[in-house]
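Each structure below is given as structure tokens.
Two complexes follow with subunit A in common, the first pairing it with subunit B and the second with subunit C.
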Partner chain A sequence: MRTVTVTVCTGTACYILGGSELLTVKEKLPKRYSKYIILQGSSCMNRCGERSEKNRPPYVSVDGEIYGGVDMERLVELIMEAVGGDVC
Partner chain B sequence: MNDSFIEMDACQMTKDGMRICGDVFLMERHAASGRIVATLSDGMGSGVKANVLATLTAGMGQRFVLSDADVKKSAEVILNTLPVCRERKISYATFTLADIRTDGTVNLIEYDNPPTLWIRDGAVRKIERTKEHLNRKDAFRPEVLRSAACTLLPEDRLVFCSDGVVQSGMGTAAHPLGWRMEGFERFLEELVRGNPEISAGDMALRVVRRAMANDGYRARDDISCVVAYVRRPRKLLLATGPPFERDWDTQLAGRLAGFKGRKVICGGTTASIVAREWNRPLHVNLKNRTDEVPPSANLEGVDLVTEGMLTLGKTAEILESHKTVSPEETNAAEHLAALLRESDEVSFLVGTRINEAHHNPTLPIELGIRRTLIERIRRSLETLYLKKTDVMYV
Partner chain C sequence: MLTSRNEAGYLRTRLIETIAQAAFEGTLMEKIDRIPLELRPRSGDSSRCCVYKDRAVIRYRIMALLGHAVEEETDELRPLADYCLESLSERRRPSPSLTVLDIACSSCRDGGHIVTDLCRGCVARPCMTNCPKKAITIIDGRARINREACVDCGKCRQVCPFEAIAFRTVPCETACPVGAIAKDDSGKAVIDENACIHCGRCSRSCPFAAIMERSSILPVIELLKDGNAVAMIAPSIAGQFPGTVNQSVTALKLLGFSKVAEVAAGAEKTTEREALEFAERRSGGSAIMGTSCCPAYVRAVKLHAPEFAPLVSETPTPLTFTGREAAERFPGAPRVFIGPCFAKKAEVLETGAAEYVITFEELGALFLARDIDVRELEESLPDLRAGDGQAWGYASSGGVAENVARYIGGSGKNLTCPTVSVDGLDRKALNRLKAAAAGNGPEGLWEVMACEGGCICGPGTVGHPKIALKALEKKISEGLTEEARAS
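== the complex of A and B ==
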């Protein structure tokens, strides 16, 4: 169990392709996870020009690891995995 | 006056229950001479009928002043032209015409509006007026035009309003006879003494807010306030988009660093370039966002950092709608619109490198083209707010 830094890209493409919603991730996570998350924004992760299934906006980084094409369900999974352990 | 800028702005509030304002304000800067001509007209009644009367009056007033037509004749033509109200059997709209030259000389023509105020050093100064009687044969009562002239110096202000301001609060315990000219003048003097550099837009906004408060927050009449303020020009540089040639990144950052005035960056890539060149951290501020407008960011040395296209698009909309924005507004587009309106000379530094991410077929078509958006913003600033702008593509 550890604190995780989650960075959501707020650049144009990421924001309109789902980044805006991802910024509300704390509301979607079980409450007990909230204190383990540092949520922040990024002006641009400079990856938005890529267009494969995995590498497309919106981009999110979890503890420095960048993920593309992330939706809310996936982000919740990524965070829970990263926080790890039994959170209570 | 040579290095001064005449800032002019207005704030209006529509009478409670009406969908359209019966006061109309028009202003324009004559391109060749720099002269500003402005008209505030209050049409009889309220709503659409009043708006039609006031629109006709203000439109004609602007054209007559700009063509240097005879004042008395112009006023007669305006009053003769107005349609006659079916119920009241009269046609009527008040007006204040202001003609302000770049050397500070002002000519005013007033017809039944509250008198224009001239403020210097935190005090209202007297403006000498001459009266002239119109002799229209269809007049339903004596008609008197008031003419006045004065010369503005740097830091002087002119304030004019519709009767919705000076009659606000009428019948209340605090203002049984309304706020009146005395209350209005005292308010303006205190406002300027407490805030000597208050912008024209902010001053007009505060007057309207106060008049609304006098009315118990339900405007009993259309309320309009116009302010002209002679000041040293406030400059703003807005950089948006990465330069076409990457070699230009350093110059872009250098231009921003050396600029004397407010600095704004619109665009994540542009902000990253400047942060990299300045070797300073860029922090996104998640608190001030909406679903349509991404959050702003903080970069030391820059007054505002925003996302690019969505924020610029929303800013263009706000400016075009003439929506009143106050400095305490929170989302990035409102903040940017407020900064632009607070400035007098706005320079745009527009990068032309293609952002491949914006050529993604899944993106909404509304996502504009940067150059088109900047042109929309420039057009609004120049025509609606009489600002000076220039643009440089890099």
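== the complex of A and C ==
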């Protein structure tokens, strides 16, 4: 397990199309994960013009890897995968 | 209940953006009938059975966005451009009534507890023994529920070891706090306008997004092109957009509003007047008063709990006070209220406090259409501002009563103001109001909010309520610090 930096795009498009909800992700994760996560907002990642299912707001980067069309469930998955190992 | 943002919400916001973009460019009339085709090309995926059905649903969504009711369609071949022309030429204010997109409505089957295939007709039969109404019998090795006897208490569902009992719900009907939704002969939802309180809950709980509000974005975009409109921003704007409220103020100016007024300024007057009114009522022997600012609850009282109506405060709402002041300070400028609420559309038709009402979702879509990134902007101060920031508290549950109680407590007459919070309207809440009117309720100022959590949880919001609450608290404390520094 390791510490993971989670960056939620808070450009206007991402924020109003689901990004603000993603900023509450820590509540959806098991408590023991909290200390492994650095959660932050970022300025526009300049990809909001795209509209396909995977490439659309809201964008999130997990340790520098950018994902589009992320909902809460997907973000929780991504984070748990990235933190990895037996978290206790 | 659906989460605040979901696929249906995503598609709706993006559609508003698409319409707004064309309207700003002045190409909406040419483009509008093509939009359903462009959003659902023949080669692409569909959300429903096929792209053709999707296109038809988008057509009706556009009608609602143009301010029309889907129910008023008499000719399916009438071009959208026609509806568009009508909206533009009259710059009309749409009726506050919600509209049902009948072809999008899935005709959900009636609710109630049902036994699913998971039932194994076990020997223990806890469903049968625990049913308080003896509504369950075992026939052919499977539990059956007698619908006539069942009261939907849910005990059978809780005790079944196979989780074989499900509760089938019709989301819009379940969400409606006043029983205003029924079904027509084909099972489609129909809203009884004489019972509806415009809370908007049905529209946001329908998983097919088949119920929509009728929008004013088209006439508002025309006002923005004219360039002299006033934006009156509800306190619940805190947390709806990235960055600070004052960055949103800059965004509003970039969009084309000439002035920005904080409705929190009017809320200060509401606080003062409501405190005085409550004092008068108490000295007159009436110890219960309901707040006045939530229009959905005020209408619910009128229609569904009339015995409480005499107890509702007559103090004008923050919007009314702000609308008056805006009219004095910026004469001739059309006023647009921007908030989380559908019911305010009905309120302004009655009071004339604003010319148009749009939601935060619609405002967000306008920002997207104009490529305005709020987070990157400088801050600017609104042209009409509240004092110390406390009045911003009106945006969340408890905040209205808190403001009034603080005012009364600080008036130096050694008075206190007990408060009661009715957080979210439902049948139970309406019964509480009826009981209070009959003398069975605690004395004090009753703050009633139709939306659970208050305005920051309204149907027209886009920010997550928890994030919005944090932003709101920050706004209030910053206002207090600023005030302290100034004095």
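To be clear about the criterion, the second predicted complex is superposed on the first by the 88 of 88 C-alpha atoms of A that agree within 3 Å, B and C clash if a C-alpha of one lies under 4 Å from a C-alpha of the other, contacts with A are read in each partner's own complex, and residues count from 1 in each chain.
By our rule, contacts are C-beta pairs under 8 Å (C-beta built on N, C-alpha and C of every residue); 3 or more make two chains touch, one makes a residue touch a chain.
Since the structure is predicted, the reported quantities are computational estimates derived from the model, not experimental observations.
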{"item": "Subunit B versus subunit C as contact partner of A:C44, first or second or both or neither", "value": "both"}
{"item": "First (subunit B), second (subunit C), both or neither touched by A:K35", "value": "neither"}
{"item": "Subunit B versus subunit C as contact partner of A:M72, first or second or both or neither", "value": "second"}
{"item": "Subunit B versus subunit C as contact partner of A:T10, first or second or both or neither", "value": "both"}
{"item": "Which of subunit B and subunit C A:K26 touches, first, second, both or neither", "value": "neither"}
{"item": "Common interface residues of subunit A - those touching subunit B in one complex and subunit C in the other", "value": "10-13, 15-17, 20, 23, 41, 43-44, 51"}
{"item": "Subunit B residues within the subunit A interface of the complex", "value": "267-269, 271-272, 282-286, 289, 291, 294-295, 297, 305, 307-310, 355-358, 360, 362-364, 367"}
{"item": "Subunit B partner contacts - residues on subunit A that touch it in the complex", "value": "9-13, 15-17, 19-20, 23, 39-44, 46, 48-49, 51, 56-57"}
{"item": "In the complex with subunit C, residue positions of subunit A that touch it", "value": "10-13, 15-18, 20-21, 23-24, 27, 41, 43-44, 51, 53, 72"}
{"item": "Residue ranges of subunit C touching subunit A (in the complex, touch as defined)", "value": "3-5, 10, 13-14, 45, 239-242, 361, 364, 367-368, 372-376, 462-464, 466-468"}
